[in-house]
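Residue numbering begins at 1 within each chain, and the chains themselves are lettered A, B, C and D in the order written.
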Amino acid sequence: MTTTAADPEVAEGLRARFRTVRSFTEALAAPLSPEDQTVQTMPDVSPTKWHRAHTTWFFETFVLTPHRSGYEVFDPAYGFLFNSYYEAVGPRHARPQRGLLSRPGVAEIAAYRAAVDEAMDSFLEEGLDADVAGLVELGLNHEQQHQELLLMDIKHVLATNPLRPAYVDCVGPATDAAPVRTAPQWIPHAGGIVPVGLGGDGFAFDNERPRHEVLLRPFAVRSTLVTCGEWLEFMADGGYRRPELWMSDDWATVQTRGWDAPAYWVHEDDGWTVQTLGGPRPVDPAEPVCHVSWYEADAFVRWAGWRLPTETEWETVATERTGGGPDGGVPGGAAGIDPAALRRGAPHPVAAVDGDEQWFGATWQWTASPYGPYPGFRPAAGAVGEYNGKFMVNQHVLRGGACVTPAGHSRLTYRNFYAPASRWPFTGLRPAVDR
Amino acid sequence: MTTTAADPEVAEGLRARFRTVRSFTEALAAPLSPEDQTVQTMPDVSPTKWHRAHTTWFFETFVLTPHRSGYEVFDPAYGFLFNSYYEAVGPRHARPQRGLLSRPGVAEIAAYRAAVDEAMDSFLEEGLDADVAGLVELGLNHEQQHQELLLMDIKHVLATNPLRPAYVDCVGPATDAAPVRTAPQWIPHAGGIVPVGLGGDGFAFDNERPRHEVLLRPFAVRSTLVTCGEWLEFMADGGYRRPELWMSDDWATVQTRGWDAPAYWVHEDDGWTVQTLGGPRPVDPAEPVCHVSWYEADAFVRWAGWRLPTETEWETVATERTGGGPDGGVPGGAAGIDPAALRRGAPHPVAAVDGDEQWFGATWQWTASPYGPYPGFRPAAGAVGEYNGKFMVNQHVLRGGACVTPAGHSRLTYRNFYAPASRWPFTGLRPAVDR
Amino acid sequence: MTTTAADPEVAEGLRARFRTVRSFTEALAAPLSPEDQTVQTMPDVSPTKWHRAHTTWFFETFVLTPHRSGYEVFDPAYGFLFNSYYEAVGPRHARPQRGLLSRPGVAEIAAYRAAVDEAMDSFLEEGLDADVAGLVELGLNHEQQHQELLLMDIKHVLATNPLRPAYVDCVGPATDAAPVRTAPQWIPHAGGIVPVGLGGDGFAFDNERPRHEVLLRPFAVRSTLVTCGEWLEFMADGGYRRPELWMSDDWATVQTRGWDAPAYWVHEDDGWTVQTLGGPRPVDPAEPVCHVSWYEADAFVRWAGWRLPTETEWETVATERTGGGPDGGVPGGAAGIDPAALRRGAPHPVAAVDGDEQWFGATWQWTASPYGPYPGFRPAAGAVGEYNGKFMVNQHVLRGGACVTPAGHSRLTYRNFYAPASRWPFTGLRPAVDR
Amino acid sequence: MTTTAADPEVAEGLRARFRTVRSFTEALAAPLSPEDQTVQTMPDVSPTKWHRAHTTWFFETFVLTPHRSGYEVFDPAYGFLFNSYYEAVGPRHARPQRGLLSRPGVAEIAAYRAAVDEAMDSFLEEGLDADVAGLVELGLNHEQQHQELLLMDIKHVLATNPLRPAYVDCVGPATDAAPVRTAPQWIPHAGGIVPVGLGGDGFAFDNERPRHEVLLRPFAVRSTLVTCGEWLEFMADGGYRRPELWMSDDWATVQTRGWDAPAYWVHEDDGWTVQTLGGPRPVDPAEPVCHVSWYEADAFVRWAGWRLPTETEWETVATERTGGGPDGGVPGGAAGIDPAALRRGAPHPVAAVDGDEQWFGATWQWTASPYGPYPGFRPAAGAVGEYNGKFMVNQHVLRGGACVTPAGHSRLTYRNFYAPASRWPFTGLRPAVDR
């Protein structure tokens, strides 16, 4: 196979981004003690130190080992411990048991990161082939996904603790005396044949391609997310106790797990509080509701007489409204979390103001679409081909991005996905209706 | 609400069909002892006597009680025992515990059927409103579904028994000395906008409507089902042991349940046998493979380099090929089971011959489509609205019909659905490819 | 090995007893439909038709096959289906799946019983060796145990049914206008060295031997069983909700299973009813409490300031009071169930009257003694050696006998045993105190 | 209640012992990182930092809070987090979830220990009542039990890790060139009435009292523990695969858990290794077998033609042989672990030499006795009465002491107890026979 050297400028840009992304992971872990970084509170959650090691293993396994001549792995045992789910790479430590490992500890993992960072920096300095550049790009996007997972997971770890500790003390941004709330309105669309998916050359996950066309009927999507205030109405109207609002699997799940409110909501004597990364605080009716499962989102829209948008509908309207995505400022939405945002306080979805429609930066938005391949989908070759395609059953697509999604990681064509009972991601919803 | 009297001819036709359908249920139960009719071998399976009672309860609850003046329920306790899943009708006996009930016994259930049949016959004789006629029609289609379930379930009950008894002795039809096998070919389609779903006035389940348009890309579907011979090749090539062929949930299921062949296949010293409703017999490579889950179907087509068709693709090509559905003779396929077929022997999917493409009458065919609502779907009003809509998550659509589907019950727009791990329905597959 | 012919009179007596015991099993099954005889409502419960077949298999396997020349087994598959737990005899059908088998049905099992009965009758008519006579004797005692199990199990089957049917209509015996209740009193014992276990030649299970001596401290045992009235006081005093009354495993069990009353008690609007083999009826405060676990018995005596007697204490006092066991009339207690008793109505523990102390014939009585081997215990040789010894851990000993214990099956040295959470046997308690 | 001041010398001795015992806990935790101290690898295991906090909570709750005027609890939340099982003290954090708590971390727990130690030291300096002295004494014995649990638990934590790290590097003591192994011999006893339990005034747990008499038959107990070499013979003879050697519950456990060797044994290419607190090393046939369950011990002695001794038999012979217990030097056995022993290397049961019969200091020894109350047993009053009595069901008694039992904590009358499937304590066995 002939390979092409990547553009030197691209390579140098990649080297800079490598440093930025990698150091942000360390910044996210900085407020956490060794004990915090060790605990796993449910099978879906991974310990912080595991995330730090696994993202490092990704670069070591898919970039350094095959492409860096003379590279020696940091510790041969790490391949077993820090492989997540790549069957092609070999056996691995079972996911639900990640919290049973006290060794390697955070100090060893910090050393592992430093060693791989140093090797990568030298490697990137020397220039690289275009296809290896693609792997590095994939690795950086992969690490950004784990940055979000790290925050989701540590939120669960801290909220499981009866002491209800905060990840960082929440110092909210100074707000205006009288913020102008974004007004909810129905954004109509006439339907017809629309394009979906990414067509150009930029980085995207394989599941966003190929770009193709879909036929839509007339519909409307709301300009704002469903709020906690609306959710409280649903609850007050018996939403969690009326089987006619739920599908069969939904209802069984609600009954089995005893759900009566979104995850992280706690009923106290004086009303509902919500556990945030900044600790507990009263539920704010103006905020977007967060940490609801697809099952709950589906019941909510049935109760309201609405429906969830399909992912095509979401992408079509979001493209129009944001003028190109999350970088476009209002109404595209906040850009997600970065070091500056982290310094301002714990990430949390805030009420929509000043016309911001929150397509990005607040919560992920459940769609009606089961997660599956686009027509003509082909997974990437090799082990990294296990990245997305192998999850295309029993999940639903979420669109947009959340307050814990790293800045620069969002796209209009981005397809996030979770099982319909999941509540630990930052998941909310935006309603749609037929016209 | 003003109601319209049904056409007397329609009403009389309904009365005749009522007798025919109800008596076929009894014919299906006739070979079974009281003990056979009592057992439940897994949560999905219901006892035969439960099917006989539940279908009767349907007419009693949705037709006689609300619409027949002066009707008194046969036994008030039956409402609790024989409600399947209608939340709106009230609490009910738990599904996995249906096999724990020895009472009412088969004799009492026969008396229940006779009493309701008599009341229904008088009721239908007097003529009826059009909307009530719709409920009777729904009840008959419901009972036909349970006729198929009865056969699926008793197959599981008998196959679970180490004695491997037969439901009826299998006397296959006399075949030609040299049957002409149907040749597999790829049936191409150019794509474009196609209609899907039922548009006219005839009976259909609510999930088949509304008729709407879908945009397709060019593709081809195969004229024949995947055979046992092809499946044996898949197995011989390590199909059940190679994780790269399976999605993540698939692989976990295969590992957990120890699958290494379709359900009902047993490895004996001299090769594979298959348990049929006529008892065990050697696997015939020419027959369509049956009792494979969606997970297995998905792995198989990945292995073969094909894919599953979407339900739209299936419906589009099947409509063209069958000239209107299962009643059209070859290549539409056998019409399904009826009293005459039952007398000929145990139902079992047979090899395709003489150009029969088996769109109907052999096995249900998994599609790539997760089961969801059509655009603009509205469930029927009232408790019968729980019929289909409440299952529109975590299932995949199957199209066509099987050798155990009652004659007259199939349609080109029919949407069957099961969870992707299900293997006890008569499920097979028909491959597709992009063009 | 030289064997000795059994005394002809003994042999003839055995032949008569064989007929009596075997026909009583059939009498116990007679009120039950084929459906009733098929169902298994929990892993501990076996279907009636299984009991009928398993007891037959015992004679076929341990008597006819090895000792009757030319005997051919009725059906080779039955050895797999009807072996209960004899590892030495070979593999067997799993216990929790006995209710999944509809075949062989009750008619085939009746034929099996008839064939084995006929072969046994001829065999016994010809006279037999002493050691074979011992196996027949063991088989008859084994069948009597299953007669009690059959009643315990069908009680569970029928009580699980929401219709709450009766096994037989309960026609209680005519009672005096004013029955004289047995007065509770503490029967003192001075302690010292006492004998325990069976010393003579009569039939006994291996676990009753060898007779040995035990040193006792002074104690007293109560002349009457704990009554439902006393149990209602325990409940009213928060017995099921006060952790200090329960040991650690006890309390976990109570919490997990949600116990708040004895098994088969149901709280209705107007008080507690108890499901009996004769159907539901109000709880009678004068009756002995029944269907309580060892955990509950232990909590009850802790609440009352008493304790459970050891099995040695029970045997010592019972021997004195009954003048030799259950055949001694009052105060030895009712002799257990027989055809005449069954004709009078459903067996149920009744209030103690006229000085009957109910050492036998009402309920089994939990003791403080974990079930273990007597000093010098040796299990019988061969497969029948698996009869008792293999259960000598995690169980507690019960003494006496219940209203469902067959007449002639009880002994002062009899050691019944169940796991401490068991509630489906007819289990009650008799308190003791230190002196 | 009138209380008596404790003897000043006793009080001062208690103060010194308090410091010694408490600081040894810290010495045991010293080799462990914060991560190590956080992990819980199964429900039975508690994190090291939990042990450190719970033992501190014991002194705070039972001594300082009720008896030290003006004492303020360190943190009110700790009462919920660090209560183990005292129902009388209030609700508590669930045991299986101890490993889900990252906070409080090891630094906070060290501060908690220091604060309570300081308060206790002042309190003890001022003298104290005799009954409070008893509570302090109980607290010190309680902490010694947790020192052993800490070592058992961390062994499990480290052995679960695929890296198989050591707790401390094992530096065995210098041994003679040719150690003289202790010769196995059967120590006979003539039987008769013997005393059991503690009669005098010294400290003992409530379950060791009252002293009482038991009648024994003639028997013999072996002078040495069962060795790894003997266990390898059992394994080679199919010990784990022959159902006739196991009781019913035993066999089910072996099958379910897939046991084929003692816990911590790993089969490598070149034979069996054992994971120790000093890391993995080859199994030494001369060492006592350790980490076997009661089920395995029971099967082993059945295989060998022996039996387990009762706890009375053990106590009777041990008393004779050791001349008064573990302080008596050889043949009483090593005194258990202390700071000096810890400095010499990881604790591990070593081969018996020079006539040491290892009644103490190697492994705990399973007895045939189910754990129950002695005749006349009365639990201590108040919450500390939950200490032993509430576990008197479904457990078996172990006697002696192990290499991880703290020095000074063993007694001839000491009754340790575990469920019969437990393998994570340091459990071995010493055989007995009838004579």
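Assume contacts are C-beta pairs under 8 Å (C-beta built on N, C-alpha and C of every residue); 3 or more make two chains touch, one makes a residue touch a chain.
Computed from a predicted structure; not experimentally measured.
Colleague: Measuring between Cα centroids, what's the chain most distant from chain D?
Modeller: Result for the farthest chain: B.
Colleague: As a quick test, compute the distance in whole Å between the mean CA positions of chain B and chain C.
Modeller: Here chain B and chain C have centroids separated by 48 Å.
Colleague: Whole-Å distance, chain C centre to chain D centre, using C-alpha means?
Modeller: From the centre of chain C to the centre of chain D is 39 Å.
Colleague: Could you work out how far the Cα centre of chain A sits from that of chain C, in whole Å?
Modeller: 61
Colleague: Which pairs of chains touch one another in this structure?
Modeller: Pairs flagged as touching, ordered by label: A-B, A-D, B-C, C-D.
Colleague: Please name which positions on chain D make contact with chain A in the complex.
Modeller: Within the complex, chain D contacts chain A at residues 33-41, 49, 77, 80-81, 93, 97, 99-106, 157-158, 160-163, 165.
Colleague: What does chain C use to touch chain D in their complex?
Modeller: 85, 87-88, 193, 212-215, 217, 243-244, 246-251, 294-295, 298, 368, 370, 372, 375-376, 386, 389-394, 420, 434
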